[in-house]
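Both of the next two complexes hold chain A, though its partner changes from chain B to chain C.
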Partner chain A sequence: MACPPPSQISALELLGFGECGWGISLVWGLGNSIVIALGAYSLGFLIGIGGAFGKLYGGPILKDLLAAYTTLVRAVPELVLILILFYAFTGALNEILLSWGYDRIEISPIVTGIVVLGLVQGAYQTEVIRGGILAVPVGQLEAARAMGMPSLTMARRITLPQMAANALPGLANLWLNATKDTALLAVIGFSELTRATSSASASTKAFFVFYPAAMALYLIISLTSTLLIGRIEKWARRGQRDVRT
Partner chain B sequence: MRFLIRPNTAAIKPQPPSNQAPSTLLHNPDDKSVTPPASLPIYSLAKPIPGAPNLPKQRRDHMPDQGSTGASQPIAIRVSALRKSFGTHEVLKGVSLTAREGDVVAIIGGSGSGKSTMLRCVNFLETPSGGEIEIGGEKVAMRAEGTPSDRRQLERLRQSLGMVFQNFNLWTHKTVLENLIEVPVHVLKIPKAEAEARARQLLARVGLAEKEGAYPAFMSGGQQQRAAIARALAMNPKAMLFDEPTSALDPELVGEVLQVIKGLADEGRTMILVTHEMKFAREVASHVIYLHNGIIEEEGPPDQLFGAPKSDRLKQFLKTVG
Partner chain C sequence: MQAFLKPHRIVLFLIALALVVWCATTMNWTWLANPKYQAMAVEGLWRTIWLTVVTMVIGFLLAIPIGFAQAAGPAWLAWPARAFCTVIRGTPLLLQIWLLYYGLGSLFPGNPWIRDSVLWPYLRESWPYALVALSLSVAGYEGEVMRGAFKGVAHGQLEAAKAMGMPRFTMFRRIWLPQAVQSVLPTLGGETVLQLKSTPLVSTITIMEIYDVAGRVRRDTFIIYEPLILLAVVYMILTALIVLMFRWFERRLPTRTA
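Let's look at the complex of A and B:
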């Protein structure tokens, strides 16, 4: 490497994609963060839908299990959860594999990250979606029931779209949380944006270049999300009158 | 005076001297979409709803001694010894009702007397605590404690009953047309184009042809209720259940909805109608049930029930509701 000492490189070059820049590493980290956030959020959404319906309509055992899950996950700091789940998840999986006579495997950190953050997201989304379902006017469901709509069709065609309008602000918050929670994965050595930033600044001592750059990238994610969420919310609230008028 | 009193019942109350056509009386001036041609009230449209029972129109001009269509018609809905409790509160204490095809059974009674509960037990929106429900000659399978035991049967029977609620309950995330085709397309699996064509016919019939793309929240109560009636009709039901269809409406919007219901009655539709509109009940019903505290205090043909009530409670009730 023919790079001069970092103190002699311009900030732009440090952030650039050239031989002496850290651009590729940062963008890679950003990509990882986004992939994990998307994956975790989607997994959380599936858990949330199932969890909400389970909590509302499930049997007593399912309800208790779900209550334990949401209570525990929401009570424990996410960082602690990530550490526990990371070691527990990989550990338990390998235990199972070994006991079935397979070799232990290395699980890709991306998958681990998605599963761990997805479980956290699932607990919060369960509650937000449950609230959204509870806020659906009972008459909307009675009309469907009275017309002989089977319950699965009703959940899909009536309950979920109605829930969406109610739950969207809460779900949007959780999406922003998901993007930021990816940073917590730095503690398990996963090279998402925060970890990439920290490595770059540690090597170059150019903290005041890389951290503001990371901040800007997080801000871009957030602003883009807000823009998109606004559109989705408008669509989900179609048919509703604006409360502000 | 919101609706036309038919000549055979007009003797009871003198009509105000009016030579206006009934449709003009019913017409809400702000609402262009309901305006029927002056000579052609909605309820006498030349073309009947497809699938509507084709009963002789005279059956509504009931014989004085015979409240309903007569024993010749098959039974559409039968409720036998129906009981219903909410916790320890017994709301229905063994009520029965028979609606033959073409009958219009009106249920009247004070607030809290159990009218809605009785109607909602017919399609099991409320689970009866005892008794039997029979729809189209088919007994609804029930467990001992009253819960329906055959989900598929219940869904099928519900599809043959069109329910109209006090608060319309149109699906707010769907346009009017989407509301009408929802169950036909996604439950009854009718091809979308066919369902839409039929839905448009129904919307035209209730005077909402221009509103098919509107969302319910942006329509008047009367328009929403007419759309809700069209939605129920879109399933081509064998009978209609109305739970106080005009009670949530501003007074000036009541007429347009009653007119649509009247049209259905004239067409020979079977229906059970819970209502506070006594004049209307008298006009359209073939049989009237007066419910008080969860029992049927008195029942009979409308002229008898309204003209010569026997029980003191009913007399009192009729006095208070005017």
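Let's look at the complex of A and C:
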């Protein structure tokens, strides 16, 4: 069945999952966006924890290298970094594979997106987590050391739980950034929510149906995240005295 | 200087220098000598700086009423202001730019009233949409900051002004606004850097700023990495300049530290 021209289809039908609707492509884009945001954020968190401990307790060379990493990444627009890393990451990987005698591989765009945005997130999270660790009372760490606690146990039992409450507002902001930064992958042609929206609206000319719908989807992500983060923060701050009382 | 001249720093510095020399000698920089690209680069750089500065100023001016409405306005003003901030901060800037450019841009030509207006020659170009989108973005983010700043002004100050019989607008102009603005000044440097880093997004609506120039060079010459590396260096220099400028500016402001 051929669809009637888009101008004769109602907005609800355009957004729907029917034969003439773009619902499936939008939901697929949304799913891609969420998967990339989650992956990039998790990768960034691993880099951030490692980077923060490296910056605080690492050797002089490690400290300088991490300082260069966080400064460079935070000074260059994400879009430029995505382009550089997008070509460098796939190019370097293929060059290594070729030199070892393997064939070229095509890396899935999702993996590339996660790695690239994860490296960007890592730089910002390093700084936030470092600040969170610095705000842990020194006496706590001294006490743990005086008790002869091994440093890994100390990180797991003392530093990280107390750091969590201090770093959460910053980390929450970075999560919201991660969800919005997935839109940048639209520029390199990856079909996440923003790209799906733009192609749907370009072929139907129903700009004021698809863009507000996509905005609503992004808003739903950010509002539910804010709600969840509020709960997590309450949990992380358990046992802390309320400043107001 | 002493802290800078540690042995490992010198080694790292030499490695970095070697990397720069390697990039400069083995990579293909011949396109830089082309006067066409030089002219494009200067123009693109100018557009990037212009967009950053102008949208920061317009956005900040919009942020003052938006923040004030949320902090002290009546509910019928506070709610729209809060909704505006939530939408701007909760959706990607790229989506906002495309909505304005493609959405409004497709709506305007069908409207004879707009087609006949004096603004039409401007509305056919893409830069007004970029300017509006980037300014609204600053207004949304800064509006939220200004809300906190207006709320943070010490209550005693406002009560004292009221007790002296100061008219409400004079109180706003002399007491409330200056103190709120002063308290957000330290965050403005960071916001300006963020704004600079958002400007490449407008290259997607055919604005030829520095990011777009690099893209054009890459498409013309099929050189992949070099323009991107130089572009990253340019943004780093611009960021450093903004940071230094605000540091200088902050030092000139009288502040009282406990």
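Before moving on, here are some points about what is shown:
Keep this in mind: the second predicted complex is superposed on the first by the 243 of 245 C-alpha atoms of A that agree within 3 Å, B and C clash if a C-alpha of one lies under 4 Å from a C-alpha of the other, contacts with A are read in each partner's own complex, and residues count from 1 in each chain.
To be clear about the criterion, a residue touches a chain if its C-beta (ideal position, glycine included) is under 8 Å from a C-beta of that chain, and two chains touch if they have at least 3 such contacts.
Everything numeric in this text was worked out from a predicted model, so none of it was measured.
Chain B and chain C, once both complexes are superposed via chain A, fit side by side.
By the touch criterion defined above, A:153 lies against chain B but remains apart from chain C after alignment on the C-alpha atoms of chain A. Residue contacts after overlaying the shared chain place A:143 against chain B, while chain C stays out of touching range. Number of chain A residues touched is higher for C, counting chain B against chain C. Contacts of A:162 after superposition: chain B is touched, whereas chain C is not reached.
Put simply, if you stand at the Cα centre of chain A and look at the Cα centres of chain B and chain C, the angle between them is 100 degrees to the nearest 10.
Of the two partner chains, chain B is the only one touched by A:240; chain C is not. In this overlay, which is a superposition and not a single complex, chain B and chain C have their closest Cα atoms 17 Å apart. Contact residues of chain B toward chain A in the complex are 123, 125, 151, 154-159, 161-163, 165, 167, 169-175, 182-183, 186-187, 215-218, 232, 235. Within the complex formed with chain B, the chain A residues making contact are 137, 139-140, 142-150, 153, 157-158, 161-162, 165, 238-241.
Looking at the complex, you find that chain A touches chain C at residues 60-61, 64-65, 72, 75-81, 83-84, 87-88, 91, 176, 180-184, 186-187, 194, 197-198, 201-202, 205, 207-208, 211-212, 214-215, 218-219, 222-223.
The touching residues of chain C, counted against chain A in their complex, run 6, 8-9, 12, 86-87, 89-95, 98-99, 102-103, 106-107, 193, 196-201, 204, 211, 224-225, 228-229, 231-232, 235-236, 239-240.
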